[in-house]
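The same chain A turns up in both complexes below, where it pairs with chain B and then with chain C.
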Partner chain A sequence: MDVSLSEFGAIAIMQGFNGLSVFCVLLLMALGLAIIFGQMGVINMAHGEFLTVGAYTTYVISSLTLQYFPAMQPYYFFFAIIAAFVIAGALGWLVESLMISKLYHRPLDTLLATWGLSLVMQQAFRSIFGAREVGAEMPAWIMGSWAPSEAIDIPRNGLFVMGLTLLCTVTIFLMLYRSRWGLQVRATMQNRVMSRAVGINTKKVDRMTFALGCGVAGVAGAAFTTIGSTGPTAGSLYIVDTFLTVVFGGAASLVGTIASAFSIAQAQSLMEFFLSGSMAKVLTLSAVILILMVRPQGLFSSKVRK
Partner chain B sequence: MFQITNLVSGYGQSQILHELNLDVAKKEIVAVMGRNGMGKTTLFKSLMGVLPQWGGQISVDGQDVSAMETHERVERGIAYVPQGRMIFSHMTVLENIQTGLPASARGKVPDDLYALFPVLQEMRNRKGGNLSGGQQQQLAIARALATNPKVLLLDEPTEGIQPSIIKDLAHKLKEIRNLRDLTIVVSEQVLSFTMEIADRFLVIEKGKFVVEESRDKVDETMISRYLSV
Partner chain C sequence: MKNAYESLLGGKQGAIGLLVLAVLILVVFPLALDSFRLSMVGKYLTYAFVAVGLVLCWGYGGILSLGQGIFFGLGGYCMAMFLKLEASDPESTKIQSTPGIPDFMDWNQITELPMMWQPFHSFSFTLLAVLAVPTLLALVIGIAMFKRRVGDVYFSIVTQAIAAILTILIIGQQGLTGGVNGITDLRTLNGWDIRDDSSKLILYFVNAALLIGCVLLGRFVLTSKLGRLLMAMRDKEERVRFSGYDVASFKIFVFCLAAAFSAIGGAMFALQVGFMSPSFVGIVPSIEMVIFAAVGGRMSLLGAVYGTLLVSFGKTYFSESFPELWLYLMGGLFIVVVMYFPNGLAGLWESHGRKWLSRFALGNKVFGQSVVKARVMSPVKVATPQPSRELETTP
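Here is the complex of A and B:
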């Protein structure tokens, strides 16, 4: 292969940007998963399916708009994002109250139960929408690309997804560090029994947190439709990377989650271009495992006296 | 004011508390004395609803709280400063106090709380885990007071605290009692501390109250005999 230095630079920038889109979806997923795990100690194996719910919601709204209000087509995407959040969140609320809250103090059973739920949900998608992948009709303004120089092409949908992710991340941070709910979440994360003893209704906080985490996964699903097509197993393809992101970043550290989502997405995207996709995955996984052997607590963890 | 009737509790199959009865008047400070393993912490945990209550009744101001969850008991006016303080070490001092505040306070710490513990106002932006033991104890008490309690339960508040600060703590608790008309139940092994503050003394042994004396009749040597190993 004969590449000049400037071409190499252009490839690196475009692949890097491609990695940023993956990073965005990964980050939205991981934030939800990390908050739920930190708050309730529940590992939600069905988290990927909430992404799929968000993606199908976007698809359904796009088809409905095309059929009934074609004039609204350029703007439907904003409604789709909100609907994806609400529907995935409401579903999360239901799952928490019907299933997870009944399995308190049984973390292994929750793991199995949510895994079962993910299979049920995948089959439900297959029965309702069919096994074939579907794509939402994107509004024209989101398509196309922005070319800052001749060799570099940056897709506009990627920019949009980044903006959306930034907005979600900032909102989550503000909620966690400025709102009463956030205060209660952080207290419960540290000491559940003591939180109840200062008057926090931890069950209510749990339900709210689970719903919110699932809602954010729904938004990730809406974002996902701009960069890929949706199938019944779209979410489950992301779940392993998401777990990896949370563990690598250090549980209960949101900054760590961001840093690890970034490095995992970038490493994979860059290596994918020069090696094969599965080789890129192998190398990323090995690197993460090696780093975790040296730093089992993850990338970031805050230090205080106990 | 604060009534415990035939309280029974324990862990798993083993019963720890045997039909305890106690009636604490408003503004009264009651000390529950006893050696390690005699049921002090178990008593406090079951009063808070942290441990399941097997039988009996707990009531605050005539209202039965026995069937309530922990956070509902807090709403009804019971506050808890646990053994080992259990502050939220990764959160700031201010945030620690805010966890106890009711929603109506909108996160604003009442001035009288800071007036009681000026050191907490000074250190409000520090992480709770970086305070000294005595400061953490003040923080745990402030957090409990933020819930606006009628009854304050303190489980071994002097554990791991310097003797000079123990004296301050005793003054502080009496001051709080007078300011807020608070009822206080405190468990202790340190007799000198409770001699300073308590109006009534109970000795717990193997999950039963075996001695009950009011302040004017208390026999110090007799109680200390129960405390020595």
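Here is the complex of A and C:
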């Protein structure tokens, strides 16, 4: 191998960045689930479909802008992100009130019912948008790459996703741990009966929490369009990874979710450098499961006295 | 004798139910259906093994495994490996660059039969492996999860992840497993052609008999003290533990039993259909099998068989005639069943069908009894809301 040290350094930086962008996508997807599954304990198998809703929303808005307001094209993406959040969140609000709210005392049945929902949603995407994958037209400033030195080449869409992830994480952290609403959410999840007794409308809190989680999934979907194209089953491909991320981090711990998304993503992209992609994935997931067997409560777990 | 009658057949009602099922699959189907449709039913019945196993471990044990496809697949792959080795003798594979190894290995530039495949030359080893490999895997998963008191939701997610891992592994290791196409073109079993109509008929009967055997075994387990403990554990696990029972061991046992049932189904699938592929291992088939059990009734061994047949027929019919509608129907059916009829067809039968039948045939005398019976079986937890208990494991 006649690779000079500087070239090796450049490869290491780019590979590390690669891992970071995998981490951001994973974290962005896991954030919504960390709220819904981690805080509420609802296993939403249709979470991936909410992601797809966000991605398709971006696609629709990008086509609309291109057709009616071509001048707005460079800026449409910000509107798309907001629209993705609102639409996915509204859909989540609807799903919670029609379905999830009736199943809170049967967690395993929630899992099955939401899986049915995910089938219906996938078919709906297929009927509306066709089975072929579609891609949103990206504004020019997202595409291309940033080259701080000659050997290093960092894609701009990766940087954008990273910024978005940071923004979402900070917002959610502030909402959950620094706002009155977050206090109500955490109280409801810890002791529903007691929270109701002190005057918290737990039904409303549940609905809002679920809607927020779905909205975040929608934002993840919008971010997803900058990286890949969208098909009807795009979201469901990631559902296992995201669940494992949340479980591995320790449910009910936002820091845990971040740490586990980071370690899973870095391990995977590091191993992908040496092994084939499928083997890297197998090894990463197996390692996660093995660690979970030793430490079933996840990396970070809040101490609960039972 | 009386004892065996009670425990295996579940009394008079159970015996009648079993008899109806046996007549249906052993007499009515073979007489009424042509050989194409019959082999389709045979294929569906192999899924029913999984559904019966799920009734044991999910309906009664409260352990929802989303990875039963793992065991179905492993059983199927063990059988398929044996059949493939037999189909690729040096004579019929002489056009390959290395004769005597399965064709997909040859395409992947493998020149020697891998170690893993060697023992599958022996039929008795294969039969053992069909049962032992999946059951041992279930044992390992079970010990690791239940001894650590992993909650039921976590268990579902981990089993699902294992199913995903296994699928990726099978698809990735193309030279060893045939990749995404799976192991195809299986011809003979110890020199006996499994592809013509008469041998398919024989295999159908073997399959049906094995299924009834599994149902009987399931009945035996459920009517024993173990079955009562399983239900007690499902409803109040802590209380059973405090009464001095080793909860984890019972869970491991029932999970292994369900895995072994699924493995038999998988092996029969490979024999009857003539191939095995990763599309029967992963997340989607695993959840579909849960649907079978849910629709049939998670508390009824016989209901699971009917549920499997019905949903599979529906799937074949609708995906042939209205491919667009199928997923809507399947998803919708699943949502409705889970939300409004958690006991599935069997529950509907208990609450309405039997009433109707007894009023029709026997007058109102039996009617009161059956209601009492239905209440004893009362399956779904009407638990008080316990917000986060399911999520946490005991520290």
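We take it that the second predicted complex is superposed on the first by the 291 of 306 C-alpha atoms of A that agree within 3 Å, B and C clash if a C-alpha of one lies under 4 Å from a C-alpha of the other, contacts with A are read in each partner's own complex, and residues count from 1 in each chain.
Following the convention adopted for this analysis, a contact is a pair of C-beta atoms (placed from the backbone, for glycine too) under 8 Å apart; a residue touches a chain by one contact, two chains touch by 3 or more.
This structure is a prediction, so every number in the text was calculated from the model and none was measured.
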{"item": "Combined model on chain A: chain C and chain B, fit or clash", "value": "fit"}
{"item": "Which superposed partner A:Glu133 touches (first chain B, second chain C, both, neither)", "value": "neither"}
{"item": "Which of chain B and chain C A:Ala187 touches, first, second, both or neither", "value": "first"}
{"item": "Greater residue coverage of chain A in the superposed arrangement, chain B or chain C", "value": "C"}
{"item": "Partner chain(s) touched by A:Ile200 [first = chain B, second = chain C, both, neither]", "value": "first"}
{"item": "First, second, both or neither for A:Ser276, with chain B first and chain C second", "value": "second"}
{"item": "Partner chain(s) touched by A:Gln122 [first = chain B, second = chain C, both, neither]", "value": "second"}
{"item": "After fitting on chain A: smallest Cα gap, chain B-chain C, Å", "value": "9"}
{"item": "Residues of chain A contacting chain B in one complex and chain C in the other", "value": "190-191, 193, 304, 306"}
{"item": "Chain C partner contacts - residues on chain A that touch it in the complex", "value": "41, 43, 99, 102-109, 111-113, 115-124, 126-127, 188-193, 240, 243-244, 247, 251-252, 276, 278-279, 281-282, 285-286, 288-289, 292-293, 296-297, 301, 303-304, 306"}
{"item": "Chain A - residues contacting chain B, complex", "value": "180, 183-184, 186-187, 190-191, 193-202, 302, 304-306"}
{"item": "Of all residues in chain C, those that touch chain A in their complex", "value": "64, 66, 144-145, 148-154, 156-158, 160-162, 164-165, 168-169, 171-172, 283, 287, 290-291, 294, 324, 326-328, 330-335, 338-339, 342, 380-395"}
{"item": "Chain B - residues contacting chain A, complex", "value": "48, 50, 69-71, 74-75, 79-80, 82, 86, 88-91, 95, 98-100, 102-103, 107, 127-130, 143-144, 146-147"}
